[in-house]
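Each of the next two complexes has chain A plus one more chain, namely chain B in the first and chain C in the second.
Our next item is the complex of A and B:
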């Protein structure tokens, strides 16, 4: 146990950073991530992002047996687990990484061969496929001591994570956040708050110790500050030109999803924020020249990020905001350290996908106004029904009430077999020509 | 507020023929040629008839989306529930296109039907929190103008039973009861709620009898399911009377001669799947459809001095269901218990396309059943009016396989 812990700490504090430094030196003279064209210069912070995420995954290889390990959903109150010393793995983040590396079909097919329908969420299929086959682009994912889901992003994660827990033979814990129609219901918030207490007890049992209050406060503080920094980064998109695009958000959101509550995460967003401020001051845009400003709705199409960003940027269309990336900033807006449990319950329940379409429309209208958006692209995502149902009505409402142009592109966030390049390009071009 | 009218918990159709349970009323017909060997007559009352009759008595009517909801509350408040399972068949209006084609037909058809005025006769809508898609529909309908009348939601506690979940369910039941009482225009008194729970307990008791004693019930599968599913819209006391009449016709010895099969899925649509099984030489010996068997509660142990506590008990004692996010292992255990009690030789897993809750359970269920050597047929449908030729062929082949396996076993 001590040797394992030592190896884990060494991986995270010494070997991981050393390997990252070697990689940085090796890549220092290499070509920039972007090939110029319609894009502004690449963000310097991207190198730090790669290091941060690289060390996180590298350290994870030695986590099991050294520290308690939990597999969690992106909307989970991970701060409670972190305060108990858990290393947390995000299967969604891992699936997005696999999809970006175009491993989607291969991993999905493993799950489909095991009986999981092609009509199920591709993240779930990829993740189950990865578990069944052992294939991962990150070397090794540590086996969990706990699988933990929060239903605030969808019900799918509950089925998916329970299937993982059953397969791996580890406990499963659910934080159930009743869906919010209209206003928050007091009994729903009380239910979530109670479950946070239950979660703390489960975490303490698995970790073999209760978290110290000072640790919990520290982790929550770090997560809160990081979400504020992330929100400030996103707000840079209000400037004209926007110093970065939603496609950049999709890359740079990895730490706020996977490392929330850590020093590294907060430090990273401070650095990114500073860089974005510099770009705003210098008038550097993410797309050059920026002719039109767009809002992206729904999860990214991970395996086509570069193609899509190029398709739009070539004609001067810049995605300056996205409902997806906003979620990790917007949800913390009502957090109150003086009422940590109560406001966390509200924060978890108030996530975009756990609220009705009237709330979503209001959020989108706010983004359109605040970011001076001219058009909206709604990604109708076969893999994400809670995000996609209602998009045609949202489209009509945005067009009617704000006069912006809106297009729906049907695809899948991770399974490239559901992507029709010709169809998407034709629709996107017709949309852009309408401006 | 006035108290709800008490007599409506009794059947409004009390005339019966004596020994064989025949009963009739102005809205029931006696078949010219008996459809069944027992003396039971099926209601010809349509959903619209039921709605109009209830409204004529000044009762309110709610259209209810699938699947699980506290029907006892509605009954106690003199509200008639008329369930909206699509309806099946092609969408009955253009608004199905407002929801993506990769969402299940129940949801798309429901939006089309609601938007086209199909349920204008009812007074409100209730959406149980069944799945992500119905959750979406529950906000599309009121938020985007498809429906100007009152909308209600009922949210389940997901996951395992635990004290926090029990407290939430009770609070949620009380919240819904309060909203529905305002809608009904009458106050809910707890003794009346206890009466309603007793009424539904009697219904469950009879449904258990009909399902468990299926081999002794001289009804075709399709007729049995029509009878059971009339509970989706008949006033509960009237439905109880029909069930009693059918149960009175149970034969002393098994009369079903086909091969026993367990069916599981969301909803038996198209209903011709039952005819196809019968034509191929099988009968439904056990049921795990979410629309039918998974709503039959076998554990009415709760005392009724606190009816809300009793409803909480019932909620957690219900058979495991994917749409309530029950544990998949518990669901597999439940299917195995049904197999053993019914003697079913094979399992038909009949899913609605794009139904995520059910699709996630299938790999676990298939693995468990196949490990026991139980033949499984997985059939997917989209509420189409009739089974495809391909589906018919698969059912025939499945039943033939069961027959061959049985013959080999007998030798």
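Our next item is the complex of A and C:
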């Protein structure tokens, strides 16, 4: 146990950073993410991002047996687990990484061959495919001691994570957040708060010790501050030109999803924010020249980020904001350290996908106004039903109430077999031609 | 009489290649329609040369290209999507706003045209080609009915058989079993028109509300389909003149305007 722990700590503190430094010296880490064209210069912070995420995944290879390991959903209150010393794996983040490396169909097919329906979310199929085949581009994913889901992003995670727990023979814990119609209901928030207390007990049992209050406070503080920094980074998009685009958010959001509550995550967003401030001061845009400003709705299309980014940027269309990347900043807006558990319950319940369409419309209207948006692209995501349902109503409402142009692009966030390039391009171009 | 400067427009569709030459007044003075050849570059070169010869267009006459094969027209002066071109062509023909239903081979588009002829909104069928001209073409071929025979069969149908599937593959087997059960051919053909128009009416949804309706695309040549669609949306629909050429006309007009 001690040897394992030593190896884990060495991986995270010495070997991982050393390998990252070697990569950087070789120039691979600093390779420009873009090939010029209609884009501003690549963000310098990308280098640090790659190191941070590289070290996180590298250290994970040695985590099981050294520290408690949990697999968690993106909307899970990970802070409670981190305070108990857990190493946390994000199957969604891992699936997005696999999708960006075009491994989607391959991993999906493993799950489909095992009987999982093609109508199931591609993240779920890819994750299950990765578990069954052992294939991953990050070397190795540590086996969990706990599989933990929060139902605030969808109901699929409940069944998906339960299947994982069953397959891996480990406990499953669910934080169930009742769907919010209209305003929060006190009894629902009390129900969630109660589950958070239970979660802390479960975490303590698996970790073999209860978290010290000082550790919990520190982790929560780090997560809260990081979310504020992330929000400040996103708000830079209000400037004209926007110093970065939603396609950049999709890359740079990895730490706020997977490393929330760590020093590295907070430090990273401070660095990124400073760089974006410099770009705003110097008038550097993410898209050059920026002619029109767009809002992106729904999860990124991971395997086509570059092509789509280019398709729009070529005609001067810049995505200056996105409902997807905003979710990790907005959720913390009501956090109150004086009522940690209660406000966390509200925060978890208030996630975009756990609230009704009126809330979503109000959020989008706010983004359209605050970011001076001229047009909206709704990605109708075959994999993510909760995010995609109601989009035609949103389209009608946005057009009617704000007079912005709106187009729906049908695709899938991770399964490229559901992507029809020619049809997407025709719709996107017709949308741009209409400006 | 000299027609003045000529502009050319081609619409390289998934099923048909359409091309026109228009004069300064926007009148079509030459036209070509052929089934799209997979080697589209050679076909385009030949047909554009014919359009130039027919219309007396000089070598410098601008050429607008649209349709799925638009990027394979190397001599194009301007490349635009079918949505923009159909809207432009329709507005030129009607001179007023409305909603255009373009019923093409593998795409069905519902386009809302604004007061100035601009595209104010549009919808298209998704990745599946159910609800497009190809559906009717394949199923009718399976029944041994030529496309231009469809209106006549519909006119003499005594009844209607419901076709539940708009998936081309499934509808084909459904139709075969209906024939085997002894259902009369005209009733099956009516059912096919009904299934297809219902699908398109669903696609159009609320986009058609309160607007005058127009129809273009090769399928609009089939009068029975236009009637079925009008019945499905519960409103009259005006089929534009030479409906198959509306996209090519819009492409030609777009280069004429941009050259000004």
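General observations
Assume the second predicted complex is superposed on the first by the 431 of 435 C-alpha atoms of A that agree within 3 Å, B and C clash if a C-alpha of one lies under 4 Å from a C-alpha of the other, contacts with A are read in each partner's own complex, and residues count from 1 in each chain.
Basically, contacts are C-beta pairs under 8 Å (C-beta built on N, C-alpha and C of every residue); 3 or more make two chains touch, one makes a residue touch a chain.
Model, not experiment: these values are computed from the prediction.
Following the overlay on chain A, a side-by-side fit with no clash is recorded for the pair chain B and chain C. Of the two partner chains placed by the overlay, only chain C lies in contact with A:427; chain B stays clear of it.
Applying the stated contact rule after C-alpha superposition, one finds that A:410 touches each of chain B and chain C. In the overlay built on the shared chain, the residue A:392 is in contact with chain B and with chain C. In the superposition on chain A, contact of A:107 is made with neither chain B nor chain C. Looking at the shared chain after the overlay, A:53 reaches neither chain B nor chain C.
Looking at the shared chain after the overlay, A:194 reaches chain B, while chain C stays out of its contact range.
Panel annotation: after superposition on the shared chain A, the angle at the CA centre of chain A between chain B and chain C (CA centres) reads 70 degrees, nearest 10. Partner contacting the larger number of chain A residues, of chain B and chain C: B. The minimum CA-CA separation between chain B and chain C in the overlaid arrangement is 5 Å, rounded to the whole angstrom. Residue overlap on chain A between the chain B contacts of one complex and the chain C contacts of the other covers 392, 396, 410. Within the complex formed with chain C, the chain A residues making contact are 392, 396, 399, 405-406, 408, 410, 418, 420, 422-423, 426-427, 429-430, 433-434.
Note for the complex: chain C touches chain A at residues 68, 80-84, 107, 118-124, 126-127, 205-206. Those residues of chain B lying in contact with chain A across their complex are 97-100, 102-103, 107, 129, 131-133, 135-140, 143-144, 153, 155, 157-160, 162-165, 167-168, 171-172, 175, 322, 325, 327-329, 353-354, 356-357, 359-364, 366-367. If you check the complex, the residues on chain A that touch chain B are 114-117, 119-121, 124, 151, 154-156, 158-160, 162-163, 166, 174, 176, 178-179, 181, 185, 187-188, 190-191, 194-195, 198, 356-358, 361, 380, 382, 385-386, 388-393, 396-397, 410.
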